[in-house]
Amino acid sequence: MFGLGGAPQPSSQQKLSAAEAELDMVTGMFNQLVEQCHSKCINKDYYEGDVNKAEALCLDRCVSKYFETNVKVGEDMQKLGQSGQFMGRK
Amino acid sequence: MFGLGGAPQPSSQQKLSAAEAELDMVTGMFNQLVEQCHSKCINKDYYEGDVNKAEALCLDRCVSKYFETNVKVGEDMQKLGQSGQFMGRK
Amino acid sequence: MFGLGGAPQPSSQQKLSAAEAELDMVTGMFNQLVEQCHSKCINKDYYEGDVNKAEALCLDRCVSKYFETNVKVGEDMQKLGQSGQFMGRK
Amino acid sequence: MDQLNVKEQQEFQQIVEQKQMKDFMRLYSNLVSRCFEDCVNDFTSANLTTKESGCISKCSEKFLKHSERVGQRFQEQNALLMQNLQKQ
Amino acid sequence: MDQLNVKEQQEFQQIVEQKQMKDFMRLYSNLVSRCFEDCVNDFTSANLTTKESGCISKCSEKFLKHSERVGQRFQEQNALLMQNLQKQ
Amino acid sequence: MDQLNVKEQQEFQQIVEQKQMKDFMRLYSNLVSRCFEDCVNDFTSANLTTKESGCISKCSEKFLKHSERVGQRFQEQNALLMQNLQKQ
């Protein structure tokens, strides 16, 4: 999803591991998105089983802003890495 | 636990994977139950190391209600699936 | 980390599994430490991108107290195990 | 993602299927936990009250519809993101 | 669950044992995290106070007794559920 | 930890590298989730406001610096703990 991957001739095992890690990240991101937008947009009184119009509109914007946040965090991390301000966690 | 499984002649690997997934689900459910009932029933002032009588009674009912909730959610999901109101997540 | 391991002649697979479980525990503990000390010490108004002096001091003490808690919980569990007050979860 | 050959794609497909089973189980048990948390707060009896039972039904229906909608938007945004990455 | 043959049962038993080790470690680190969260709130020194230390002991003892009781009820309810499923 | 021989150490190194990739991805998506939670609360438009955008930058920078500091202290304390265990 973010152009990960790298060594010139990776083995089958490495490619599968990378693909699996990528799938896990996309799934993980989706799950966090579902949680965050539920907590930001959904009324927890449960008068109704439907997602109402106001909630639906909020959800659409929530997903859009979440993706923008995702891209922004990626850009910020790159800048921090290049500026040498952050040395890497390990 | 919920009668999962399926294809007529599954391989050893598939059967083990299914058994492992089932074990993970039961364990996961137990862990969530422990969390939920702790947050609903246990006084966090920690005057004492014992679970007192009121807490113990609350815990017993909490587990019972959690199982009932589990069965109810399963039934509701089946109904929603059959009525075609919910299309499946993927 | 806590002197786990055991059977006289473990197989390669068992040794790797144990080492992996140990790594997972240390990583898991580190992640929980990061969460806990963030919630105890870091101001979430985000006026600044830096960790200020008061926050840094709080973090250092937080890590120290977390390790002390870790050791204490280990000792308490051993005492409870020996006194037979707690039968083991499984 | 590095390109996978046919054999690798098949193996990957198996991994995906195993994960989908786990995902479904996770969805299910999270649904139970979430709706229990939001709807059940009376421990004077060992059985669900009518009110709690109704709340649980609406809670799970609403969560499923919620995650369906979020899933649709997620796919759209993901497709957009992929397009933009390929233009670069 | 599909029926497992003897060899499969042995393999499954190994998986179960590995998971139990992980479960124990998870229990342990969750206990540390939970009791730290509930008991430690004073960061004017780098060592636990007597009060915090006592709170941590009671917190972990109580959580272990709590999860033991929940575990007993869980097994009872699970057995009941299995019986009901087999009657159907 | 039981002693690992050279071959086992190599296998273990591979496991460690795979986990580091996963750890990085987890850090990344947790950063997104945390900063979204703390900074984004206005859903009258589909785009981030200037204020939200600034908040997100500071939030991620601060979290990375925070976890770097915690990591340093963690290693020091861990080394101390290991020394004490070996003395016993």
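Letters A, B, C, D, E and F mark the chains as written, and numbering starts fresh at 1 in each.
Here, a contact is a pair of C-beta atoms (placed from the backbone, for glycine too) under 8 Å apart; a residue touches a chain by one contact, two chains touch by 3 or more.
Chains and their UniProt names: A, B, C, D, E, F = Mitochondrial import inner membrane translocase subunit.
Keep in mind that what you see is a predicted model, and the values were worked out from it rather than measured.
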item: Rounded Å distance between chain C and chain E, as computed from the means of their C-alpha atoms; value: 16
item: Whole-Å gap separating chain C and chain D, where each centre is the average of the chain's CA atoms; value: 30
item: Multi-partner residues of chain C (at least 2 other chains); value: 4, 18, 24, 60, 62, 64
item: Residues of chain D whose C-beta touches two or more other chains; value: 39, 57, 61, 65, 67, 71
item: Arrangement of touching chains [line / ring / star / complete / other]; value: ring
item: Chains listed in ring sequence, where chain A comes first and chain D follows it; value: A, D, B, E, C, F
item: Contact footprint of chain F on chain A as seen in their complex; value: 4, 17-18, 21, 24-25, 28-29, 32, 35-36, 39-41, 57-58, 60-62, 64-66, 68-70, 72-74, 76-77, 80, 85-87, 89-90
item: Of chain C, residues touching chain F in the complex; value: 1, 3-5, 10, 12, 15-16, 18-20, 22-24, 26-27, 30, 33-34, 37-38, 42, 44, 46-51, 55-56, 59-60, 62-64, 67, 71
item: Sites on chain F touched by chain C in the complex; value: 1-2, 4, 7-8, 11-12, 15-16, 19, 23, 38-39, 55, 57-59, 61-63, 65-67, 69-71, 73-74, 77-78, 81, 85
item: Chain D to chain B touching residues, read off their complex; value: 18, 20-22, 25-33, 35-37, 39-41, 43-48, 52-53, 56-57, 60-61, 64-65, 67-68, 71
